[in-house]
Amino acid sequence: MNLQRKIQQLLKPMLQPMIAVLIGLVTGALAIALVGESIMNTYKVMWDGAFGNFYFLTATLARATPIILVGLGLALAFRAGVFNMGAEGQMVLGAVCAALAALYVPGAGIVKLLSAFLAGFIAGGLWSLLAGWMEVKYKVQLLISTLLLNYVAVLFAGYLVAEPFQDKSGSAALAQTPMLDQAVWLPKLFAGMSVHMGFVIAVIGAVILYVVLQFTSSGYEVRMLGKNPFFAEYGGINKHKVLLFSMFFSGGISGLAGTVEVLGSQYRYVEGALTVPGYAWTGLMAALLANSNPLGTAVAAILLAALQTGAMGMERNTEVPLEIASVIQGVLILFVTAKFTLSWWKVKKKAGDVNGAV
Amino acid sequence: EESENNSSTTNEDSKKIALVLPEKMGVNPFFQQMDEGAKQAAEEFGVELKTIESTDHSAIEENLRVAVAEGYDLIITSSFESEDALKKVAAENPDRQFAIIDTLVDLPNVQSVNFREHEAAYLLGAAAGLSTKTDKVGMVVAMDIPLMKKWTVAFEQGLKETNPEAEFLVNYVGSFSDPAKAKELALLQASKGADFVAGASAVGDLGVFEAAKEQGFFTSGQDIDRTEVDPEHVVLSQLKGTDAAAFETVKAFANGSFEPGVVEYGLKEKGVGLTYVTHESKTPLHSFVGQEAIDQVKSLYDEIIAGNKVIENPLSE
Amino acid sequence: MELFDYSLFASAIRMVSPILLAALGGALCARVGIFNVGLEGLILAGAFSAIVGNYYSGSVIIAVLTGAFGGVLVSLLFGLATIKFKANPIVAGIAINFLVLGLTTFGLRAIFQVKGAFYDKDMTGLPKWDLPLIENIPVVGNLLSGHSPLVYTAFIAAILLYVFLFKTVVGFRILAVGKNEAAARSLGLNVTVLQYGAIVASGVLCGLAGAQLSLGQVTMFTEGMTAGRGFIALVAMMLGGSHPIGMIGSSLLFGLMDALSIRLQGFSMPTQFTAMLPYVITIIAMFFLKDRGLESQASGQQSSR
Amino acid sequence: MTYRLEMKEMTKKYGDFLANDGISIQLKKGEVLAIVGENGAGKTTLMRMLYGLEQPTSGEIKLNGKQAQFFGPQNAIEQGIGMVHQHFMLFSDFTVTENIVIGHEPIKNGFFNRKMAAEQVQKLSDQYKIQVNPSKKAGDCSVGEQQRIEILKVLYQGAEIIILDEPTAVLTPFEVDELLKTIRFLADQGKSIILITHKLPEVMKVADHVTVLRNGRVTGNVKKEDTSIDQLATMMVGRELQQLSERNQLNGEPLLELEAVSIKGKSSKPVLDQLSLTVHRGEIVGIAGVSGNGQSELIQAISGLTTVDQGDIRLSGTNLVGKSVAFRRNEGLAHIPEDRFLWGAAKDATIEETGVMGYYHKKAFNKYTFILKNSFREVVKTWIDRFEIKAKSVDDKSGNLSGGNLQKLIVARELGFETDFLIAAEPTRGVDIGAMEYIHEAILEKRNRGDGILLVSSELSEILLLSDRIAVMFEGKIVDILDRKDATEERLSVLMAGGKEDESSAKNTTTA
């Protein structure tokens, strides 16, 4: 009885996105039918492209890696009640700094590797902290400032790799850093498969974040700040400190997302390689889908990544054009947070709770 | 399943070729042409061709690997973005043939098809320098990235060599697909007195053309002969035969003459060029440029193909 | 080279009009408590349908109408997801952006049999209107005259929206819904209808923004031609506090800085830095506009819910 | 004469739970019906069905003898029902006028005619003798004024039957008197009024009929003349109420000392003005005052939620000024906040999470930064037992607790710290008399153990019942301190209104 409850409790946060995905699939089927394709076949190809065999599974996990980390970073911020929209900038700065550290920090491979992680984390963290600090100190709305800081970060990173740190070897046509030394590459988990150590880091990160948020004092402080900042303050929690810490770690984790992409998959920072795939937006969706539950975020991130690799598979193997794949993806996500089992009571209850004036 | 396929080459009658594009071809005529050229050759020479578009950078490697796994005999990819991925995948699959268009990958099982766009850009710059009446010439460039130097630097060189007085205005759109902003930039350059504004902003060029039409200045296009779009204002086009490159690669493979190594496409090979100078155009030459200028550019062209004049690749310092 | 000239301002006004239109649309949504990050998609839908309308009818008026209609269709989808099915507006908004990008690209292929861009030199764009009288005033004339009708529409729409929100009953009720949805419900106001209304209107505005982009600024459609304008509109909306007049200010600030950054490209500064200018200035502006947009947006804490 | 409103055998089920079980009430024109009952007895549920916010599971509603049905608030409003919600439904950024006319705005040439609206509001205000300032922003109005806005809104909508759900919970005694007068006046004008309240003296003052609910059933239906407070209380709680424990005499040392504390605030007048006050061990000091005279700021200044501009605050000799909330709590301060939803709890957090605030870092409940949930759970269970907190489980959201039960949880939490000093602000607001009894008893017990308590309450009866000394606040100052035995409601009222007392009595009392 108790065990059953515990299991239910653990599954609950994951159940919601699952049900939602199911609903999304139904709507997606509609879109496929409209294009005149076979629904079952298209979905099967999509499934195969995402999970069809071990290779595709690992490809999906590889793609999920940065999404999970970005999602975790955002989930942390959301839990603290701040709407951090700046994951992209934080990730990109983390990535470029990690690449530079891996390239230019002297010493053995392991030293380079560790400094790359540190640099990636701190760069992302500080960038995010900047927005947090402006909010705390000057009441500059974080939602807008983080959105704007993205552009600045991406442009700055672009400058770094187009000018001072550009790879002048080879064709020298791309804005990218030189290739990293083999010694700092994150190992692949399986030979010939793209999933790398970063995935393990992301999963461990999810578990750690879950445990920290759910069971430790700091996690409690973060959550209470998010649920009711007045209550947190009243209870003796240092509001500003917790907010700044949350923002720092939130950005730091996003920075790690960039770091593992650089160290585990691209082996250099390439301009646009992190922004074009929209990892930040996908991570944002993952966190929102899972209600900022870290474990749920990881699951949602994998599902979203699967949707993308699945769409690629669909493009390769059916006559459904790539654009339709992105349409189906869009439709799936559109309804993915829909609440079809809306209880009226909840709405009414809320209505009763809100205090008009004061 | 995949790993088994890895080693076995398929023994079907028709050869299977995959064209893995590093981006969605949508916004880029460069890739569209490549796709068309490859398709045409595939049809003519009876090989099977599948074009795979990559949604983003990390999908390139993935697509290459899948193409290997699915047993394609030749895998063609393109441009700098694919360089890293191809190096990895080709090295891991030494028994498979690869080709990469528009950049160099030095591996025993890879054919690199390289363009010397800067030669054509030089000619375009020279033509602009000879044609301008205001001694002001502009260029609207997609993004301020190293790659684009192949266009800007060589263009400026040609411009300054033919017309030392000329001022060169350059502006960056910041995107490959923003015609509205490209148009504003062209208008800006025109307002500063430029009577010729070269478009080098991918899809944005259409915006540059519109600006030219609106304000009555002259412009040029990229890759294919764009003078047809608006012969009154689009007076030149810098050409790049990605279609030919793709066509030739597929053809060679179908005929069994495919070889790893470097294949160069420059002015000499007619892989790049300039309308009226190296290639005929359906539209008659506009008087803004005039036959005299074209003749002068032609002599520059002759010098280059004779090897008397070398246009440095701005990227290889 | 002089940095400031008439063309700088004229260009800023032109460039800013789609942003302003979309910001107004976003503000309407924000005013009924829905944070709309799908502006980018809505504009793109408008841009595409305007071109389709133009191509088939040959009439710019019909083209503008179809542009607005395209925006409305997509916004209804967004409304359905967020209002009817209570989907998270941010997730739904992002999905809308994806969806429209896919749909329009597919539409290019299905309708015009082209990839990437559709351009037809016989297609006529929006006319440029010379304003009688104003046209002849020396400086002002250069600035204000000779724009497309939708540029004027953008600024007029801002003023109309101001009048609508703050002077009419329906506008008043819309404000009420955004301020305190529970209270509005308890009064028996039909919150759902008001929300749908606002969303449809926002679809119209974003559709017009798209039409201005694809028929006013240029006459063509290219894949992803919004190039991030939806997000800039979102920033303009928040910075302007979802207030129509405030948004005129914030989008003009952004437009001017953008135009200025283009001119700064000529100087020996990396373009990446000049391109940062509008964003940095906007952040700095926020130090002076601290509490802007706080009340009117539903986004604030919803993340943690 | 037929009844204006009849509700017959109204039943409302939430799942298996019977919130209302065959409740019937009747109401005539010009009559005031009071509905009383414990927290969670089903009063609000019944009213929500009348206002169209809930659909009854079964039952019948008749208006003027005719069967009626309400599909939503709009529908109910159209049929002449108006409801003043327990939590006000106001738009704080809108003016009073706008708040009143919304939904039925006067229109001129298609535009919202704010001028005419203001005139109409003024007229209505005069007609029913309900004073408001039509052009003020609702958010700037006092709680009492906000209440008047709500009532005018209902009248403006043309309500004949007016429901008031716990309207006096947040009002000052003076405002309560005004409201009760208004209610009577409205009834005399022919309106029918349903008044839900926990305060039995008010019922006796203003009601014609009283219906008592317990556990979703009617346990009493009496005429005002035929009943008494004690009888009503018994019907409500199902048992006799007990007397408070005796207070033992303690003469402790100074515990909390405030010296010349000032807070400037936004306007020209300081919100706290050179305020000095001492609370001794074993003493309850009550703060009486019309709300808005600096009580909230005083509490926040002591607990560290706002910064003081000047002055000293010491707890057991330790200076608190400039120190964090956490520091003060560690030094021995506990605090029952005046607004339980704003400060006291997070609605979305579980009961356990709301309870563990302040405990989570204590040794007994924390190991290697991990919160020891199981140990803490035991503690929460003892609270639930001791205060009879009605909760499904500790994992339920605290927002799902009724106000009274949440309040008991907060009281239990703050008492559980066993600190030397406690701020108790509005400790029984909105709480039923049964629960009130528990809370009063607990506070008194704490005092008897030798701890010091600062009690802030807008309920004069509560102040008089519990305090050893009573300080009266007016415009940020303490105008007088009375001894328990010298204080009467009348004297306090005069002082609260800013009136001066004669010198001698004031001197006597300050030396206590």
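We just call them A, B, C and D in the order they show up, numbering each chain from 1.
The rule we apply is simple: a contact is a pair of C-beta atoms (placed from the backbone, for glycine too) under 8 Å apart; a residue touches a chain by one contact, two chains touch by 3 or more.
Here the structure is a predicted model, which means the values were calculated and not measured.
Engineer: With contacts counted as C-beta pairs, which pair of chains has the highest total?
Structural biologist: Greatest number of C-beta pairs in contact occurs for A-C.
Engineer: Based only on mean CA positions, could you tell me how far subunit A sits from subunit B in angstrom?
Structural biologist: 36
Engineer: Determine the centre-to-centre distance between subunit C and subunit D, using the mean Cα coordinates as centres, and give it in whole Å.
Structural biologist: The separation of the two C-alpha centroids amounts to 47 Å.
Engineer: Using Cα averages as centroids, what's the distance between subunit A and subunit C in whole Å?
Structural biologist: Chain centres of subunit A and subunit C, defined by C-alpha means, are spaced 28 Å apart.
Engineer: Two or more other chains in contact with one residue: find those residues in subunit A.
Structural biologist: Counting only residues that touch two or more other chains, subunit A contributes 158, 162, 227, 351-354, 356.
Engineer: Quick one: which residues in subunit B touch 2 or more of the other chains?
Structural biologist: Answer for subunit B, listing residues that touch two or more other chains: 24, 144.
Engineer: Taking each residue of subunit C in turn, which ones touch at least two of the other chains?
Structural biologist: 105, 180, 182-183, 185-186, 270, 272, 275, 304
Engineer: Pairs of chains that touch, anyone?
Structural biologist: Per the contact definition above, the touching pairs are A-B, A-C, A-D, B-C, C-D.
Engineer: Where on subunit A does subunit D make contact in their complex?
Structural biologist: The contact residues of subunit A facing subunit D are 215-218, 220, 223-224, 227-228, 230-238, 345, 348, 351-358.
Engineer: Subunit B touches which residues of subunit C in the complex?
Structural biologist: Per the touch definition, subunit C meets subunit B at residues 1, 5, 7, 11, 14-15, 105, 108, 115-117, 119, 121, 213, 217-220, 222-225, 227-228, 259, 262-263, 265-266, 270-272, 275.
Engineer: So in the complex, which bits of subunit C are touching subunit A?
Structural biologist: 77, 81, 85-88, 90-92, 94-103, 105-106, 109, 180-183, 185-186, 231, 234-235, 238-239, 270, 272-273, 275-276, 279-280, 282-283, 286-287, 290-294, 297, 299-304
Engineer: Once bound in the complex, which stretches of subunit B touch subunit A?
Structural biologist: That would be residues 1-3, 24, 50, 52-53, 55-59, 61-63, 65-66, 69-70, 80-81, 83-84, 92, 103-104, 144-147, 150, 315-317 of subunit B.
Engineer: Name, in rising order, each residue of subunit A that touches subunit C in their complex.
Structural biologist: Listed in rising order, the residues are 77-83, 134, 138-141, 143-145, 147-149, 151-152, 155-156, 158-159, 162-163, 226-227, 281, 284-285, 288-289, 292, 321, 323-327, 329-340, 342, 350-354, 356.
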